[in-house]
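In the two complexes below, subunit A is the common chain; its partner is subunit B in one and subunit C in the other.
Right after this comes the complex of A and B.
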């Protein structure tokens, strides 16, 4: 059997396994990125408008998460979170549950992503011109509407380059879940490569898939940034 | 320091933090620590030298990669760009496994490699770990250096040329030092990232801090304590890296308005 036939989608080939791994990877990356954005938005608002205690606690969260290797955070949270949920369930008199790999992966990577996106979004919100927010307050806009109509749309242009980086990190960090035995693309690849001994074929195929995701995302985010910056005067970009 | 501690809520938070640490020391099981401490020290040393060696080697590679993209002809710029894109577009774990399992399965097929004096070294895992980490750092830093080379003011280069400086001297005395000064703050963060990538090489049997902790877990079935110790160790190494780079940054004369 030639090496390229090993990549065929039907069973003697391993292509189907790789695609299943890819689906798992993307599912986790999307979920973790969304969770991270939610945590990041709340964290950024907390860091800017929160009280001194909340601000210090958020500072501890972002500093610790960004200084400890993701792999170790994943292990601590992976074992810790499932243990915690089960202990709470037992206290409440329910049975223990088995938390699925997808949910645990999303929760764990989401907490890590949240720390990074807190910083990205905080910088972007601070870059929104003060006058805009003051004008909205002077018009009597409630805080929620102000965030939805003024702050978040205006900060999007500044935030998108940082958020694009975070998305690329999210897709690549799903590979770390291979270490805790979750069958995403990288682990499926290693199993296929180990069984067939065609290491170069499979690792390069997986690399090509990851690279395609990266290049596609870069193109998409560039379009999104152009869309988010629509209506901004061209001078603002050129004047730097 | 005193200004940092003045607000009342910070004192309360610090006391709460100290109480948490005291509880961790008291309530958790640290009985394994004396037996594994020497192994841990060896692991920490491995983490430190892996980080330092691959950072230096990666930077040495990154300078030509960045310069080729910033000022080189297309037949040098394009391969450099392709290399940086591929490294930055694929997970490091995949690169490590490709290099270790791929090259590791390829080398034994050639008798002249097996019979060479290098074979005892190539049979171990760490050369592949160093190679993978170096290439990864070079890929990310090549991109950073490209921006740095481009940001050196043209007037500086033109002045040097007007003085009749040969091209190599210009690069060595004007272009490279100014680019390196620009990237120092970025390099600090990138080096912390590199340190955070080192536990991945434990998956190819290199014994560093993380590998020691997982061995404790396998031997004693104690899960959290080794991981907590790991987190503290990595926090400490990250702090040291940031301090070392701050020292380097202080050596650079800057003018602040």
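Right after this comes the complex of A and C.
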């Protein structure tokens, strides 16, 4: 078969499988990234404003998650957690359940992303000029609104470079879920390559797809950063 | 508006009390910055707080709206006593937020929100906290911007304004809440000398229209001109206070004499 036939969307071509894998990968990456941002925002606020106990717990979380290889975390959380949940269910006299690959993937990668984004967001929040937060406080703005309308928009410009990194890592970390048999882009590619023996073609195709995701993401993040920094004079224009 | 008379020097035809501070104390760790200061401003009063660096004047001002948590004492705003725990911290977050909405604070470093345009800065709290309809808030904001001479800058981001323009915008932002009183924390100290005048002119106009103001400043000449009462702080205590003519014209304490000589 020619390269084009191999990559055709309809069988016997494998293009359709690759795209399904891509869709799964993106689904997991988006879910995990969103979960990671939610954990990260809460974690960053907890580390900055929380009490000593909360701060210590968050420190343990960010340290452990960032210390252990993600592959091991995935295996622990996927098999270990499934096992634990099922043991509990059996104890309670219920049937065992099969945790869906998508949910497990999002949960596992989300917890990993959360640890990293806690630190990215903590740094970005601390870089917000304190006077601007104080001005809002001095005018009687409640804490939740202050975070939503002042602190978080102000820290965004500082956070976006780090958050863009995390997103690109998330898109590629989905490949790790291949070890638990989740059919994302990398696993689909391996199957296609193994079956057809056209290794070079399929891995190059997968590489090109990952590259395309990255380019598109970079464009999106660049726009977002420009918007977040709309109130700042361009550095090139001679500010500072 | 009702004001308590406190039973202190009740004069005939007394104006309602705006802000009262009694025996205010503040420590940072073991360092006592305020050692029991008292102050009273009726509506329309302009109280200037002067003193050297580290005298506690900024801390005193910042305690009034609880940007610093007092260690002890009593604060009354518009006749309403701030509920404090025994350690001086505010007992009710809600009450603090509500009272802060009635005090317009102007900072040394302007502190405009850099991600919002000048107009957005002005209407932020009126619209989102005070729930003023947006159109009404914008109309109010434009009128104030016109007053401080920034009508054509409403769409600009703060970073593109000069220091003097930023500070005038910050004053307009505080006024846009329609506060009971204005608090100024060294409003011209961060400005280039040639920009000080434009900001003082705005503050002077506010004093002339009878606004209640508490002003921490290094501008002695200005304090003398606009203040109705001047407090000289030294080392966390009120060393001398009185009407500006007397305080600047015939200071009694040796420290104040020296201070006035050093800043002249």
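In the analysis below, the second predicted complex is superposed on the first by the 220 of 240 C-alpha atoms of A that agree within 3 Å, B and C clash if a C-alpha of one lies under 4 Å from a C-alpha of the other, contacts with A are read in each partner's own complex, and residues count from 1 in each chain.
As a convention for this text, a contact is a pair of C-beta atoms (placed from the backbone, for glycine too) under 8 Å apart; a residue touches a chain by one contact, two chains touch by 3 or more.
Keep in mind that what you see is a predicted model, and the values were worked out from it rather than measured.
Once the two complexes are laid over each other on the shared chain, residue contacts for A:52 go to subunit B alone; subunit C is not touched. Of the two partner chains placed by superposition, only subunit B is touched by A:179; subunit C is not. Of the two partner chains, subunit B is the only one touched by A:203; subunit C is not. When the shared chain is aligned, subunit B comes close enough to touch A:215, but subunit C does not. Applying the stated contact rule after C-alpha superposition, one finds that A:68 touches subunit B and leaves subunit C untouched. In the superposition on chain A, contact of A:154 is made with subunit C only, not with subunit B. Between subunit B and subunit C, the partner in contact with more residues of subunit A is B.
Contacts of A:189 after superposition: subunit B is touched, whereas subunit C is not reached. By the document's definition of touching, of the two partners only subunit C reaches A:230; subunit B does not. Of the two partner chains, subunit C is the only one touched by A:131; subunit B is not. Against subunit A, the residues of subunit C that register as touching in their complex are 65, 67, 96-101, 103-105, 107, 109-117, 124-125, 128-129, 157-160, 170, 174, 177.
Interface residues of subunit A, counted against subunit B in their complex, comprise 52-53, 56-57, 64, 67-73, 75-76, 79-80, 168, 172-176, 178-179, 186, 189-190, 193-194, 197, 199-200, 203-204, 206-207, 210-211, 214-215.
Against subunit C, in their complex, subunit A makes its touches with residues 129, 131-132, 134-142, 145, 149-150, 153-154, 228, 230-233, 239. Residues of subunit B touching subunit A in their complex: 7, 9-10, 13, 85-86, 88-95, 97-98, 101-102, 105-106, 192, 195-200, 203, 210, 223-224, 227-228, 230-231, 234-235, 238-239.
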